[in-house]
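Should a chain be cited, it is by its letter among A, B, C and D, assigned in written order, with residues numbered from 1 in that chain.
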Amino acid sequence: MIIVMASSRPEDVEHVVQKVEELGYKAHVIVGVERTVVAAVGDERGKERLTALESLAHVERVFPILKPFKLAGREVRHEDSIVECGSAKIGGGHFCVMAGPCSVESEEQVNSSAQIVKAAGATMLRGGAFKPRTSPYSFQGMELEGLKLLQAAGRATGLPVVTEATTPEQVGVVAEYADMIQIGARNMQNYGLLRAAGKSDKPVLLKRGMMSTINEWLMSAEYIMAEGNPNVVLCERGIRTFETETRNTLDIQAVPVIRKLSHLPIIIDPSHAAGRWELVLPMACAAVAAGADGIMVEMHPNPEVAMSDGQQSLKPKRFSMLMEAIRPLLQVMNKTL
Amino acid sequence: MIIVMASSRPEDVEHVVQKVEELGYKAHVIVGVERTVVAAVGDERGKERLTALESLAHVERVFPILKPFKLAGREVRHEDSIVECGSAKIGGGHFCVMAGPCSVESEEQVNSSAQIVKAAGATMLRGGAFKPRTSPYSFQGMELEGLKLLQAAGRATGLPVVTEATTPEQVGVVAEYADMIQIGARNMQNYGLLRAAGKSDKPVLLKRGMMSTINEWLMSAEYIMAEGNPNVVLCERGIRTFETETRNTLDIQAVPVIRKLSHLPIIIDPSHAAGRWELVLPMACAAVAAGADGIMVEMHPNPEVAMSDGQQSLKPKRFSMLMEAIRPLLQVMNKTL
Amino acid sequence: MIIVMASSRPEDVEHVVQKVEELGYKAHVIVGVERTVVAAVGDERGKERLTALESLAHVERVFPILKPFKLAGREVRHEDSIVECGSAKIGGGHFCVMAGPCSVESEEQVNSSAQIVKAAGATMLRGGAFKPRTSPYSFQGMELEGLKLLQAAGRATGLPVVTEATTPEQVGVVAEYADMIQIGARNMQNYGLLRAAGKSDKPVLLKRGMMSTINEWLMSAEYIMAEGNPNVVLCERGIRTFETETRNTLDIQAVPVIRKLSHLPIIIDPSHAAGRWELVLPMACAAVAAGADGIMVEMHPNPEVAMSDGQQSLKPKRFSMLMEAIRPLLQVMNKTL
Amino acid sequence: MIIVMASSRPEDVEHVVQKVEELGYKAHVIVGVERTVVAAVGDERGKERLTALESLAHVERVFPILKPFKLAGREVRHEDSIVECGSAKIGGGHFCVMAGPCSVESEEQVNSSAQIVKAAGATMLRGGAFKPRTSPYSFQGMELEGLKLLQAAGRATGLPVVTEATTPEQVGVVAEYADMIQIGARNMQNYGLLRAAGKSDKPVLLKRGMMSTINEWLMSAEYIMAEGNPNVVLCERGIRTFETETRNTLDIQAVPVIRKLSHLPIIIDPSHAAGRWELVLPMACAAVAAGADGIMVEMHPNPEVAMSDGQQSLKPKRFSMLMEAIRPLLQVMNKTL
């Protein structure tokens, strides 16, 4: 932790040194031309206590040196993690394509979706049963019935399924029917939910909050891992910016940034980032070339009548085109589907 | 709902008109110089179905005319709502000052805090027992014990207390010990939690998510109100932007915007917006002058040793100065404390 | 400058120490538990050279300790600067109200505007002659003729006038006809223009870019001051965020932040921040209470036919209401109009 | 233009209809369940006049239907534009790699840079002579001497050169020595500069402002084209967001969005987006796969001593690796270097 002093008066510096040492750190004072700096050496896992020194009038700023995550960090595990989910592998050269409708709407719709994405080459089936919707008046999902339909469609096609849990209590039932538990963007800092997922033995897909920094995202992964579940896959799905031509701004740079900071696999969801189906194919290609470990794509047999997210869902034919577009890129990148 | 056509070919327009009518709307076609527009007239509460028309190649864009909220809207209730919370009133000319420490840390700390803020003129006591922290390794709050200490400190000073619930299950116990249930910024779209708070008979303080639009914020209030709880107070606490001199950017314009759109009271939390104690006093003054119905301020008897948020907490003396600064402004604004 | 090492190997640390000393700084090495840090002590005004050390694989991050501005900083001048502009004073207790139309449109319009704002109590007249417009097909201003009409309207009412220059060449003619030169938000980092304004003897109103940090804004003031012109007034006019209910987000916290960092006066332009006339009055009040040294407000005799910015311009009667609303607040804040 | 009424009273609607017709549009009134809408049919190139209707209390919102650009739009020119710049072609299947140092620093440095990038396969040489720097105390470039050195290095290697002009007056001299005129991000809305570039016969590289929308960017291209210069290449270089792990957030979605809206070529500058050299290679790959028409990359023979942008510049060996990485991807995408 580096503490930049607002005042260089010896008694003010001494006061800070004393506080630093009371908190169990070793203090180094560096007297500069215009500013004095106190470096606090020690484990920063009590850092909010040090940050409180900013409440002193003679302290200008306190900033940390270490990244706050541990289990999710590249430093404790150098090699890439490979997360297994039924027949699918994600990370370390294994590319994963999770595809399917935004919501499970009926038996026919989910079965048809599963067959279409399987035929085109997807490796996992997605579909929402518990839907977190901005409006209380919107379709909230088929819930338990949806879970059962999704599981059946997955089994019929041999595709592992991923679906969202939105409360700590739903984690149990989702883990029972699905192969992977999704934590949605709006719940990235729902710590009760993260802890519940951390206690499950199913792998977890952790979407980045649309307002969350990469550091916070890794800290949310840390919550899951600290409960004993090491199988976390990160999913970038767009962040909020001032641009209005797209629903969100896909932060493609997150791929190499995460690769450097963490050993966890990272996939891209171009459907939610764009909010418009025309952008999904080129962004899936960009994800492959950027080095992502997979993509998650919304496909609906008939988007114009979808209960949710119709505008960003691909038609079956367009999904096949996407798969054809990424195959040669995967080959160049030495990734196997 | 307005549907802007990408194509003006009669068959494409006819296709859209048909879809619009199938969904139960009346369609008006307006042929412009360069674009054809289809207006869909009817209740937009099924609007995601219409939005799905964007999946058609011959549709450029679909946008709604109506605001999506109903109960929270100014249109269903013209006069300002006044929310009562024990002895405190919020809204309609009643100004509320909620003050106290970020976290309840000990009996002595919370009692001392309650006495200090009461003496300076605060009308409610705040203090966290269940703390949503970015890091799983940070202090997570005193939980049930903290709730009991907070309640006792409130009763001893006659101040109603407000504290946060972070999961649906905590709502019951929080409602038992506290006078107002706080929903934190990170949980603004935790719909399970919103529904649980909506079923409680205690008033709810709904903080704005740090990257949530005003529309989404009102939709979260709508979730609470749709469950039968009309007593919602909105709290602006800063949004995320590119500026790094402050922790968040206080969206002070939210006050008059909410005033126009909604009948619900709105208060300002300058402590979390700024993340720095020196900005709290001028921003509390700005909140009063902008027309807010209250403020929520972090005060700690000894910020340099606070377990959390020390850098943004006011010392007792500075909190008194804040109260002295806002009193004459409240008088000008015709607000009573 | 603090250099955080990615590697703690002695030869890597030694390499950085050597580089730091080659660039003329003194190096202090602090060996921490998990990271080694090198502090480079010396004047940071060559800092991009040090920043280049980030190109080394064994360096994780380089960050500066000192603020990059000097003349604009509070440290070189402790007392508040008061900028004089004809009969108007700005700063140090003097509050300034600059009001008038977005664009000068005709002799009648600008004269009528000047009389209206003067009668209501404004202290300066604003009006654009050279208009920077997003579209090349929009009205670009009356240019020289507009300058002359503005000057005449100012003289007739005794109001000093402020108007924008958009290119280095326009600075001369603007300085000839106006009492204060405005640098618009889009030109905040137009360094040629800043230098030209710095060579003028007229005071400069420097608007914050809608995408600029407070640090960058003060660096732009530094450009003007470094050319010899100390009379800079800063103007916050809203920054860009994801919120769409308002045109921009008014960063009201900029007032106390600037007050701490700089001795320069700061005013608020609520018209451009909001982009909607209904928000202008409450935001003008908030500006006063936050401690601003003035406001800049768009008023048009007949906004519905304005050539530009009609939607955010106040009608004459609403402008009078605004003046009535801020007077008692100015009294509380000990500011004189 | 769609005008949403706040009031449905016949006299208010009639007032708006009258105003719309006075401005030369045809008005269509659509009476909805809760809102009345007036559609104004006609050319929207006078739209700020219509927008002014928002100043009426009985109007809620006015929003445009048409995109404001014309010459830059896909509608006036269906096929992709190919911009020629000496031996280099950009667009329509031709991929361009502009590489070289941030600043021209010396004859040796620029010559060595030119040879290195040429040998690795770059098709154009970049290098700054007039540098827009945040600080007035930073190195401001070698100016005219830099231009001459850059031209010489380009001629010696057969690489066309691109360099920035920062004021209208510099356009002439830049056009004399360079093959392409760059407009930097900070000057994207410097309209005097855009007009000067529009009068030149050299092609223009227009960087996106770091907080400019795609619409504004195309409007800036429109300024150049409206002066008679059709040879504009767009360059996405990252936008500003809350994320701090990278200098800016690369808006990779801009590639397919621009492709849909405009016929102009679009290239990506991963160096400025990332601000960190390690991200440049994967982002260059992503740019190719997203369908970009080129990249612009900073390469320095010895980044640790660079006068500017050292931390984001590639070393010669890393630049060669980048070229090797994109070649097979270009083949998949059917692009020729």
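Following the convention adopted for this analysis, a contact is a pair of C-beta atoms (placed from the backbone, for glycine too) under 8 Å apart; a residue touches a chain by one contact, two chains touch by 3 or more.
Source: prediction; values computed, not measured.
Visitor: Check every other chain and keep only those touching both chain A and chain C; list them.
Guide: B, D
Visitor: Counting C-beta pairs in contact, does B-D beat A-B or the other way around?
Guide: A-B
Visitor: Between chain B and chain C, tell me the centre distance in angstrom, where each centre is the average of that chain's C-alpha atoms.
Guide: 30
Visitor: How big is the gap, in whole Å, between where the Cα atoms of chain A centre and where those of chain B centre?
Guide: Roughly 25 Å, centre to centre.
Visitor: Cα centroid separation between chain B and chain D, in whole Å?
Guide: Chain B and chain D have C-alpha centres separated by 38 Å.
Visitor: Going by the contact rule already set, what residues in chain A reach two or more other chains?
Guide: In chain A, 211, 240-242, 244 touch at least two other chains.
Visitor: Show which residues of chain B lie in contact with chain D when the two form their complex.
Guide: These residues of chain B touch chain D: 2, 4, 28, 30-35, 37, 39, 41-43, 63, 65-66, 75, 211, 240-242, 244.
Visitor: Where on chain C is chain D touching in the complex?
Guide: Chain C reaches chain D through residues 19, 45, 48-49, 51-56, 62, 68, 70, 132-139, 166-169, 186-187, 189-193, 209-211, 216, 219, 222-223, 226, 240, 276-277, 303-313, 315.
Visitor: Which residues, counting only chain C, touch chain B once they are in their complex?
Guide: 211, 213-215, 239-246, 249-253, 255-257, 260, 273-274, 278-279, 282-283, 285-291, 328-329, 332
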